[in-house]
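Once you scroll down, you'll see the structures, which are given as structure tokens.
What follows is a pair of complexes built around chain A, which joins chain B in one and chain C in the other.
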Partner chain A sequence: MNGKAQSTAYKAEPSAQNSEQGGAALTIKGVGVDYSTAEGTFTAVERVDLDIAAGEFVSIIGPSGCGKSTLLHSIGGLIPPTRGEVEFRGEVIGEPHPDRAAFVFQDYSLLPWKTTLDNVALGLQFKGVSKGERRARARDLLRTVRLEAFANSYPAELSGGMQQRAAVVRALAMDPDILLLDEPFGALDEHSRRQLGVEMAELLTTTGKILILITHSLDEAVFWGDRVVVMGASPGHVKEVMEISAPRPRAVDFMLTDEFVDARRHLLELSRHDLDGEPEPAE
Partner chain B sequence: MKRRIVMRASSPLRTRAALIRCVVVVAALIVWAGAVRLGFVDPVFVSSPGDVGRALAGFTRDAEVLSALVVTVRTILIAFVIGTVAGLVVGTVLGLSRTLKDAYMPPILFLLSTPKSMFLPLFVLSFGITTQTAIAFGAFTVFFYVCVNIVGGVELVEAHHLRLARAFGASRLSTFRHVVFPASLPGFFAALWHGMTHAVSSILLAQLFVAIGGLGTLISVYSTSLQTDKALALTVVISVIAVALAALWSITERRLTSWRANQ
Partner chain C sequence: MSAIARTAGAKGSAGFQYGLKLWALRALLVAIIAGAWSYAAGPGGVADILLPSIPQVAAELGSLVKDPVIWRAAGLTLGEMAIAFVLGASLGIVVGLWAGRRNLRARVTDPLLAWGYIVPSVVFYPLFLLWFGLGSSSKVLYAAVGAFFPIAFNTIRGLKSVDPKFVRLGKAFGASKRQLDVSIKLGAAMPMVLSGVRIGVALTTIAVILGEMLAASAGLGFELAKSFNVLQTARGFAVMVILMVLVGLVQLVANRALSHFRH
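Moving on to the complex of A and B:
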């Protein structure tokens, strides 16, 4: 994939939506997804249009079942959109291509019969990277999330948060242009979530990649996002796209600023109606 | 077709269980010997533990028994290999294809549930009174058990693991090697296990009812000529072989699926 050289060029400008590069790197054009079920077709995502610039961080929030995961899978080429298409640098994304877009799945999906190290090295193995090299790289990545002591443990021996960290670095190992994160911190309590967030901040935001993060935490959505996409349900659609203008990377103090508090309040009001059943993070 | 729960009792518990088992065996032997001595049963028909022991010892010098043992073991292995390879191939293909599975699984399951011994006469008709009859009948029986267990194993592959493989760019071969195969290992082992036990039982059955040589035929010869001690001693030999195979098997399986130990 020849995108590698270009993605390095973007690294200098994490907030690339303001850059002279201008235009979108990732274009989601009228994407809709129908599932065929026993009862007929079910529209999970009606229509989503979104332009995302290189290096941009987009958070997606919305009630459970509104099609967030479906949309994300479509963006990465896992589910072909029923309507519309996804383009990356002018190329239509048809099949999954881990160098271009790598996933962190909602259920982390570590293979239980492989050690943590081999799970992290999985994509590299599929790519044909030699055993020594991929293990060395996986080991380095495990160190960045303080999991090096568990390199030879099986996933069943890891806590939920540890498995999620492993799944995040498994995606990072591909050095993709786009990282698709489906509630990567979902299984964590508020404290570890913040802890992990701070750790991941460096890893995730200094790389100049496009990041798309699905989350149920409004705090997380605002803290990380250059934009927050608010989705609504039945059928899934975009209700609002909100800009968060503070430059990234953001320090924890950002959570005390007016911008953060106002944005969060606005999102809370927006989602009050349909986040029924979804517990709000404790204040 | 779950064979056993993966759970290991602590060792004092296991020792105690083994002890209780021994007590039952010893008690049975004492009752048997006592019944013969006191004249409750006729030693011509049931022999006695002492006679069986002596017959067992005699086998080590008995060329007839030793060559029958070799014939039986060889026939079992050949039938096992043929039936297992066929079952593996067909089972994997059926397991991976919905359409083929829908088409062929019902007849296979139907045949699985009918007693296979019913078909033995047909094999005799086709192959005559030869070892081929035993091999063909054994392989036929093994095939069904292996095939069904392999299909069951492949069904255990989880959709989200397949999705993971696709997302991370796995080729078809890699997907099979790193996802489908390991996920179906438990089914694979169940298949080999059922294949082996049915290879043993079907070969002995064939040898018992068709005079083609081997331990089965020998048992039938000894029983009809009222050499009960030898017939029983042969049964003991066969049981020991079966138990040894089972032990070997569970050790191998445990080692190869060690990742399951902590789940």
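Moving on to the complex of A and C:
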């Protein structure tokens, strides 16, 4: 409740936002997450330090199980970090707050008993926005991803790509400062991925939000990211942070440039270590 | 019924032909049963007192539906069912929601409710007869117990088995504790709750009829038992038919009401 009021407060002051444009808006300070399991504590994320500027797009890649989702959940306040803290504009993120950071989950998590429209309006419903208004807003958002005809359908009646788009606009409905995207294109085939990627590009990148995208696709990571964070496993840590300097938004042609190809090759080499199971060099 | 209608609508004439075939076969099945019955009750067959013929039952049915005693009995039985269900179901849902909201409450009450659900509620009936006598209240309370347990049990189970990803979703999108309970957990538990309610409806009808048959002075169950006790077999068959229609109607109304909920 308290956080809600504060978040509206800083939203009402765009000047404060602008003044911080140069520095880091989102600071991940020595964040580590342990899970307690039947066998004892399990370190999913050892230690991650990262400063992210307003409007920045950060891709995260890494082998399965290296703690990407865990880290993302921590950034959004869903899993309190065991060590360190996450700060947004000087304020520690303690619990989830959709106005600040909204999720697109790895499994979409649309509620099967609600229509697409009401799924998209879920966050607005929790905020107490009236039924008529939130439905009108959800309908507008569905239109931007060409789902207006499916407003009254249930998630089971939608294809994977349609569910994914619904989950994206559900997060956008919160107009958050940070969008946390956990493999949003994961379940899709190559063709749909590319098509959706191009569609989402406009929606996502013209908004000036911080975007953090987890992906298994090196192409996606390089194409989207201002930076690519490469994570390693056992326990989860940041192996390397790679800058991609080409200005965004990027056209599909960017995939043919030397920067793209070189970056992709470098990431491929890094991830080959994971496949070979080579021990990480100790730091 | 509705599934057939939907198939027919969706698939056009092929679906229609399929539906026709289905109903023809159903009619055939009923005809076979009626034929076997007629044969068994026919000349040289079973005595009337054990198995009356179809015309005899039809004649009894014709006079029964003109008899105000039967209408009063049907009204009483139906009323007992309705009150028992409303009582048992509301209590079941309230208790289920109350207990299912907290892990401790759920774990304390769950074994007891499971037990109450497993035990045939007819074992409680003599107690209700002792406390409330032969009248309607003993039937209503016994049947309410029958409705209560599956509904309370299923509500708790439903709330306990909510997929954690939905809870995570609710939290991520800013749900308060209350909103999490109402919009996420209850929504996710709804299929379980509704299946509990369905079972509750069925058990209520069984309990009321059984209660009236075992010890009562009125009601269709009482009429049924009385007819057979005095060897008015044809009348007993006619009451059976009326009860079957009554229970069918109750189920129809219940299904209609429940289908308003999603799942």
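Points to keep in mind about this one:
One rule holds for everything that comes next: the second predicted complex is superposed on the first by the 254 of 283 C-alpha atoms of A that agree within 3 Å, B and C clash if a C-alpha of one lies under 4 Å from a C-alpha of the other, contacts with A are read in each partner's own complex, and residues count from 1 in each chain.
The definition used in the following text is that a contact is a pair of C-beta atoms (placed from the backbone, for glycine too) under 8 Å apart; a residue touches a chain by one contact, two chains touch by 3 or more.
Predicted model only: the values in this text are computed from it and were never measured.
Per the definitions stated earlier, placing chain B and chain C onto a shared chain A by superposition produces a clash between them. Legend: residue contacts after superposition of the two complexes on their common chain; A:126 is shown touching both chain B and chain C.
In the superposition on chain A, contact of A:157 is made with chain B only, not with chain C.
Legend: residue contacts after superposition of the two complexes on their common chain; A:98 is shown touching both chain B and chain C. Contacts of A:62 after superposition on the shared chain: neither chain B nor chain C is touched.
Once the two complexes are overlaid on the shared chain, A:81 sits clear of chain B and of chain C alike.
Of the two partner chains, neither chain B nor chain C is touched by A:232.
Overlap of the chain B and chain C contact sets on chain A: residues 76, 78, 96-99, 102-103, 105, 107, 109, 111, 113-114, 122-123, 125-127, 154, 170, 174. Interface residues of chain C, counted against chain A in their complex, comprise 165-166, 168-176, 179, 183-184, 187-188, 190, 262-263.
Those residues of chain A that touch chain C in the shared complex are 4, 76, 78, 95-99, 102-103, 105, 107, 109, 111, 113-114, 122-123, 125-127, 154, 170, 174. Here chain A touches chain B in the complex through residues 76, 78, 96-99, 102-103, 105, 107, 109, 111-114, 122-123, 125-127, 154, 156-157, 170, 174, going by the rule given at the top. Those residues of chain B that touch chain A in the shared complex are 160-161, 163-171, 174, 178-179, 182-183, 185, 257, 259-260, 262-263.
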